[in-house]
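Note that the chains take the letters A, B, C, D and E in the order they are written out, and that residue 1 is the start of every chain.
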Amino acid sequence: LGGSGSDSEAFVYAFGRSPTEVQFNIFRQSNFAHSLQDQTHHYIAKGDITGNVWPDLPTSLSTDGNTLVIEFPEDYSWWSGDDLTAEDYWTYLEIRRLQDPEASHIKDNVLVDDYTIERTFKGNVSSDLMRADLTDQTFGKLTTPRWIYKEYLERLQDATTQKERDGVLDDLRNMQIPIDQLSEEGLGNGPYKVVDWSDNDTAFELYEDHPLAEQTNVKQVRLVSELATENIRAMEVNNELDMYPEGLIGEVDRDDYPDNLQNWKEIDWFRMQKITFNWENEHLAKRPVRRAITHALDLHPMVDAAVEAGLVGKPPALQTGIRSSIHEKYLGKGWVDQLIEYPIEADEAGAVEQLEKAGYTRENGTVLDENGNPVEFTFLTNDGQFQSSTGVVVSDQLESFGFGMDVTTVGSTDYYQRLEQYDHDMWWIWHVAAALWHPTSYFSNDFYGVEVGDPNSDSETGVTGIPFELEIPSEVGAETTDGDSVTIEPAQLMTDLPVASSQKEVKEITRTLVQWFNFDLPNLTWIEERNGSWGDVKAYDFPSGDEENVKLDMDRPGETALMHCWIDRAK
Amino acid sequence: MTETDELDFEELFDDDTEREPPSRSARLKRTLDLTVLAPLRIALHDWRAVVAGTILLLYGLMGTVGVWLATKPSSGDYPKLQGPFQELAYPLGTDLYGRSILDQIIYATPDMFRMIFAGAVVAVGVAAVVGLLSGFMRGTAIDAVLMMLADIIITIPGLPLIIVITAIFQPTNPYVVGVFLGVDMWPGLARTVRSQVLSIREESYVEASQIMGLPTPSILRRDVAGQLMPFILVNASLTSRRVIFESVSLYFLGILPFTTYNWGVLMNLAYQENALTRSELLPWLVFPMITIILMSFAFVLLSQAMDAIFNVRLQARHAETIDEEEVTG
Amino acid sequence: MTDDVAIEIRDLDVTFGVERGESNVVRSVDFDVYREETLGIVGESGSGKSMVALSLLDAIPEPGTVSGEVTYYPETGDPVSVLDLDPEELRRFRWEQVAMVFQGAMTSFNPVLSIREHFRETLQDHGYDVPEGMERGREILEQLYLDPDRVLDSHPHELSGGMQQRTLIALSLLLEPEVLLLDEPTAALDLLMQRSIIDLLREIRATFDLTLVFITHDLPLLTKIADRMAVMYAFDFVEVAETDQLLYHSAHPYTRALLSTTPDLTTPPGEIRTIEGNKPDPVEYISGCSYHPRCPMDEEKCHSVEPGLTTVGPEHEASCHYHGDVADNVPIRNKPRGGVDE
Amino acid sequence: MTFTFVLYQSMPGGPAEAMRAMILAESGQVGGSVDLNLLNQMVEHYANVNPDKPLHVQYYDYLHSLIVQGDMGTSIYQGEPVLDLILQSVPWTMFIGVYALALGYTVSLFLGAAMAYKERSLFDSVSSIGVIFLNSVPYYIFAIVLVYVLGIEYSLFPIDGRYGTFVDPGFTLEFMGSVVWHATLPVVSMGILATGGALTMRGNAIRVLGDDYVRVAELRGLRRSRVAMQYVGRNSVLPLYTQFMIGIAGVLSSTVVVEEIFAYNGMGKLLYDAVLLHDYPVLMGTLLVFTTITLLAIYIADLTYGYIDPRISTGDSND
Amino acid sequence: MSKPLLSMEDVTVEFNSHDGLLDAFSDEDPVRAVDDVSLDIEENDVVALIGESGCGKSTLGKTAIGAQRPTSGSVSYRGQDIWDAREGRGEVRVPFEEIRRSLQIIHQDPGSALNPNQRVLTSLMLPLKRWQPELSYEERQERILTLLEHVGMSPAEDFVNRYPHQLSGGEQQRVVLVRSLLVNPDVILADEAISALDVSLRVEMMDIMLELQSVFDTSYLFISHDLSNARYIAQQADGRIAVMYLGRIVEAGPVDEILENPQHPYTKVLKWATPELYEDVEADIPIREIDVPDPTDPPSGCRFHTRCPKARAACRESHPESYGVGPDHDSHCFRSDETHDYWESEPLHD
């Protein structure tokens, strides 16, 4: 049984998919391949918990007007020995742009020299957003050796019609880079290179030519693929893992885990979880009903249930739609204080009061609408992890309050398919679209965010029944539109947000959206998660993040540390 | 019928007419004794039937009275993750959300019965009809088509087929789930029924009934179905076990959507929450398992006992209205 | 007939425990089989004929138990007490000394083995020389009007009933036993085949110097082969005599009833009579003469005193208190053509 | 086949949606999020793999290339020829399947025979109850229990994978050992599917023991061992033969669950994943192979039954 | 002479050994179980059909009572073709219903002729209910009990509530007989009806059958492979014996004729094979071949020629037709024709 026992030299940790199932052509990602690419290729940029974006591999990301300048270090190379240059990344950027040059928001990408790229946006974009454009968990890595992708880029450049371009793209997407090719041809660029693999493990060896290689004494790394095995937790409990790069040891697990495993880095994560209200339901379309539900729910048991399933986090104090840790940066302290405060614990009386505003009553523990009919909702959830727990707790709470609840639980693949059919009244989905502590990742107009729908469509409401145009009070924190009100277009605002031309505009749009969210409660956010990484702190020295030149307040601190050679075997 | 025949009959029957016809109630008593009480008496003599009956009765009670007695499990009812055998309110402990595990098991029972019922009825019913039909139409096109259909379904591996079917229809209604599960099970049975019918058809009493001009439905019912009955019931019992197995496996794999409790769902949830390495979650996994095993154990036992219960030889021995002494042959 | 005894049976009992109690299916039987004679045993179904035969091989099926003495006197060598043999000795004894052709040949062969394999395994397990034995087997088959090549290569189901029966006879003679027990070897066959087999057996008996014990309930057939006949009723022998003696001077009312219930081609139908009453139950014990409930000359004495086999003539024993009066009270239904009634 | 083709075509959502959902589900599980726009772009590509030809044309195309070129198409998801994927996994599934079946049936047959010989003894009743009990345990529950007891609590057996990490496949002792080692738990869990055979065997053997030819064989003074093997054994195993072959279908079905539980990369897992991903070509391919194997097994059973049981000269032993 | 009650003309019955779909392709020869047979049964008649196993007796019998469809030839009941009546062809003078009721069967194995799951009463009630629905339950039961007592099963009340397995073979056979008589048939096919019974019971059973014949005016087609039984029942009823060999009737005639004056060598062989209690052992087997030829591939010409001790070359050539050798006595043997080529041809020897 593998484990650190058999090759005790290696640093063992668990993550991602089976190496034999994924392949490394970023344009044809499948099988959740990025989970492995995280260990083989460097990121370009990463956001941190304060909402700032930092260069990861590049030495700097500077902005000037609509231009973003990316400078690459000169001492990096691919495992093949070829120099790693700006052209490698430029090739990727250009392929992306040329997929559909008209639709792209990029004007051009210029390869200034071997180590510099100038990237110019078509419109005015705030500098934060220009940088943020480079971050993405899935695609924000330098995975494209120029000699492999050059051919496709040239063909794209030669293509004149969209049809020709699509043809090239099809070819590109059919191209595959399986792990044996990656290893043999040296197509990775991380400090640890792939030397062996099996169905569910990948073995890495320190790549001595990597500029950071000297910093660490960990020569061998073994990655157990989390998705290909069933016994990760058994390995953890049996002390067979040295690190988990993303995830904390929760309270519930603490007793089961050996003492040498400790959370060595904790962060306020970007992720939140929410319950979506489908406005297509006649009751949920009514604001007082949504507010009543919010009053009726006690967020603590929901969070507790999630915690039981291994999540770490706490309920948000305010329904703003964005994470409280970035309130200050985008909303300002004083402004936030004016927002409506909904109870976190259950407030039955408040809930009934809200219901009455809609003309509803609660009799003998049953909520009746204005016509005296019982109010019933369908709830969709999946059977995996904490999602089912939440489903159970939410529906039980609402049921005991007096709503009729009909919960359907489906398997997780089915869940995401069913989710997008919008055939339920409430469901469950996480609330954030990108690994970025930025309003755009929360107010994204899709089911990760506050989905409204396509504002350019002909209808008046989006898929979830939310109108494209609606009224909110002008005054922040007002509970009704009885006073002054303004008409806003949330869907449009969410489309505008990622291309806001200035930090000021970002803030403005964000405030409007937050106010709307707070007033209308299109969704209910119920947990702000914490994350981080745990490891065998006896056997290894992990960075705390306070060291010089060490930046760990970002997503996946474990991987970040490993990819920067910040982990050492304890002496 | 000619005149003379009539006469002979009358003569013969006039011989002694003072015979007292049995009263209606005596007849009723006899029928009751033979069709209900005798099998029951055998069942009571057969430990398998007794055990199976007791277990199933318990489950039956669980699914009826139990549901009525138990509180509908709801999160936060009790402290979470309590161990079993500590409190009367949750004898088997509680789950992650503080729901009584016993209550959940109890609440899952009616649906399980519905599923079993639908599955067994479909599998055994279709099998019986198809088997009878093609057995009686041996050699005709109907027979060929039915058997071809059965063969085709036999060769498609069952579970994958069901997975696909359920993936398409995403049934949540227990009856529908039962029906889907039954769909995969009828062909094998139908084949066996057919071969049984073929051999029963060779029995001379069937031929005799035909020659006596008894109507075909009556022959089917009395001569064929009567013989098939034990076989059909044994298989209904075994099919029930399979329905339990397969439905639970589908819920366990998370393929079937579910709206309420099911033992497989409990297992699924517990398993997903790493019950195998979190000892405090084990009851959540283990008790549904035991429930499943016990119920299928009852069905397997029942199927074994069924042979005895429907054995007329034993029935005769246990019937009170037949005196036993002069039993020869 | 010689007094050279081949098998001596003393006080043989066979019982089965059944639900209703003890089922006594052979009751204190004393009996001798003479060397090289052909003994016919008749009796109605269930009278215990097969059980007696099986006892000779200590082969009463479970859960039956057998007690008493069965002594086998081989032509050369010491007497063998069959019921006391150890399992290995018994195994060798069976088929080498005494072989048996079972009721119903169709079920006597292993359906999945060819006839050749049946022959070979029999030779092998008894340590006989296989090629030599097979050669002998072929000769016997030929004597029985069978084509050895075809038969040996066949599987049992490929042979007709008559062929199977003859093959089984051949198999029983393979190890040249001294005694051959035949338990209704012809019951399932057509008349023509029955009669043919009887004729073949007669020939073979001569060639192999066999002692034959032939069990059947077909009286007329038995008269065509038996030197001596024994009649069984209610789990014991009621009359033993040489064939002609039995046919013409039977001294037991049951034997006489049996003779007159058998239809044949010549007896006027009116003379054929049936035996009234039910057959005896092996569990119940009938006191006195076991036949008295059905006997037309049933007297007081018959109810209480067991008659036992008594000598009524040369080589003729019968168990009837009134054997002297039988001839007058129970007429044999037709005038025997050959014999003279004294 | 037509049937399954139609069935799969009627599954809601195409492969693209399924794949998208899969990636979403996994990102939810591992944490993090996905840029939906990019994901959609990428996933769209897969939707184009199956151009919207009318169904019957697709069906014809599929049949044509299957029969003419032996081509089962390419996995939408993995991009590899379905045939390759199947060829890689079939041996593993056959290995554990046949191993399980052989082991399960051998044990149950001997047990059944032993029970029959000792009919009504204590051994018989205890084993009967034992077998009935095993019969009532779903194989996957058995698997979970095995995982828990032997895999996790006592760490005696590996609980996932097909062979040890970084053991290089080849005809080395290490590899073989590792393969057998890893197969143990799946095989044992599937093996209990065969325990029902013990009761059937017991019944058969009791019946055969009462048959005349067995009694005659004893009267013939044959050796006990020969009577046991050639007479009782052979004749009571015979009726089980077709059941055994058809059992292959059952065992193959069970691999779907068992391989999933043990993360064993075989056909069952391939099929299961294909169902989740709506990867039609793989689905069709695996199902075709499953069906073919079953058919083949039944066919072989039919053909060889005549040899094993000389009473059946023609092939209609199905009746 | 009036029209026979039941008459078969040139009846042939063939069986394909398989009749599945696939077997359309197999070219296996059909078995001709009955080959061109004509036979009449009169009112109150007893015809005993004898022959070796597999020679087609049952098939012929079932064809006679309309339970087996002839491949060719016709079967008629009181002049009405049974199969025409059944299918409503032509003018139907006697409805099939009545034909169905009039022709009944008693099977060889009484054990399997009764539904093992039904009590005797039920088994007997059903036909009565079918044919005399106007009777009340009590009346039906009355008849059944009376009839059962008539065949010596008393107390009948006790017997009717038993299951078949609780009856002895003889009793089962009586129940079967009663069942067929209850519907008041004209012809009963007794297919080896006594062979399964103990020797001592056979005569008794035949006596019962004969006795009831006088009450019910029934005719019997009595199938047996035992000449002495056939003789017993046929002679009592003044009936006839028909001898069958491989699908053909080779000799038919009044009992005494057949026994005293057998014409066909096969009849003679059967006579030889029927041992007499008081008769001396005869010398040799009077046939050349013990085993019956394969019915799927019957010998040419006279089918008996392969075993016939008197066979000559001519017998191989053609099938002998019927030669009348006495009143109502026919034989299918060339030897009955003194002028036949047979006498000139070479005897067959092995």
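Brief remarks on what is shown
One rule holds in what follows: contacts are C-beta pairs under 8 Å (C-beta built on N, C-alpha and C of every residue); 3 or more make two chains touch, one makes a residue touch a chain.
Protein identities per chain, from UniProt: B, D = ABC transporter permease; C, E = ABC transporter ATP-binding protein.
Not measured: the values here are computed from a predicted model.
In summary, the chains found to touch both chain D (ABC transporter permease) and chain E are B, C.
Listed here as common contacts of chain B (ABC transporter permease) and chain C: D, E.
For the pair chain A and chain E, the distance between C-alpha centroids works out to 91 Å. With centres set at the average Cα position, the gap from chain A to chain D (ABC transporter permease) is 40 Å. Between chain A and chain C the centroid-to-centroid distance comes to 95 Å (mean Cα coordinates, whole Å).
Distance between chain C and chain D (ABC transporter permease), defined via averaged C-alpha coordinates, is recorded as 56 Å. Chain A has residues 234, 382, 384-385, 411-412, 414 in contact with two or more other chains. Residue positions 167, 253, 276-277, 328 of chain B (ABC transporter permease) are each in touch with at least two other chains.
Counting partner chains per residue, chain E shows two or more touched chains at residues 20. On the side of chain C, the complex with chain E involves touching residues 44-45, 145, 160-163, 189-196, 198-199, 217-221, 223-224, 247, 258-259, 261-266, 269, 272-275, 279, 334, 336-339. By the touch criterion stated above, chain A contacts chain D (ABC transporter permease) in their complex at residues 1-2, 6, 15-17, 21, 23, 27-32, 35, 99, 136-139, 169-170, 173-174, 176, 196-201, 203, 222, 226-231, 234, 238, 246-247, 271, 382, 384-385, 387, 411-417, 420, 430, 432-435, 441, 444, 446, 448, 531, 555-556. Contact residues of chain C toward chain D (ABC transporter permease) in the complex are 57, 59, 61, 90-96, 99-100, 102, 104, 107-114, 121-122, 125-126, 155, 157, 171. Of all the residues in chain B (ABC transporter permease), the ones that touch chain A in their complex are 74-76, 80-81, 96-97, 167, 170, 172, 253-255, 257-259, 265, 268-269, 272-274, 276-279. Against chain B (ABC transporter permease), the residues of chain A that register as touching in their complex are 233-234, 236-237, 252-253, 256, 301, 304-305, 308-309, 382-385, 388-389, 392-393, 396-397, 399-400, 406-412, 414.
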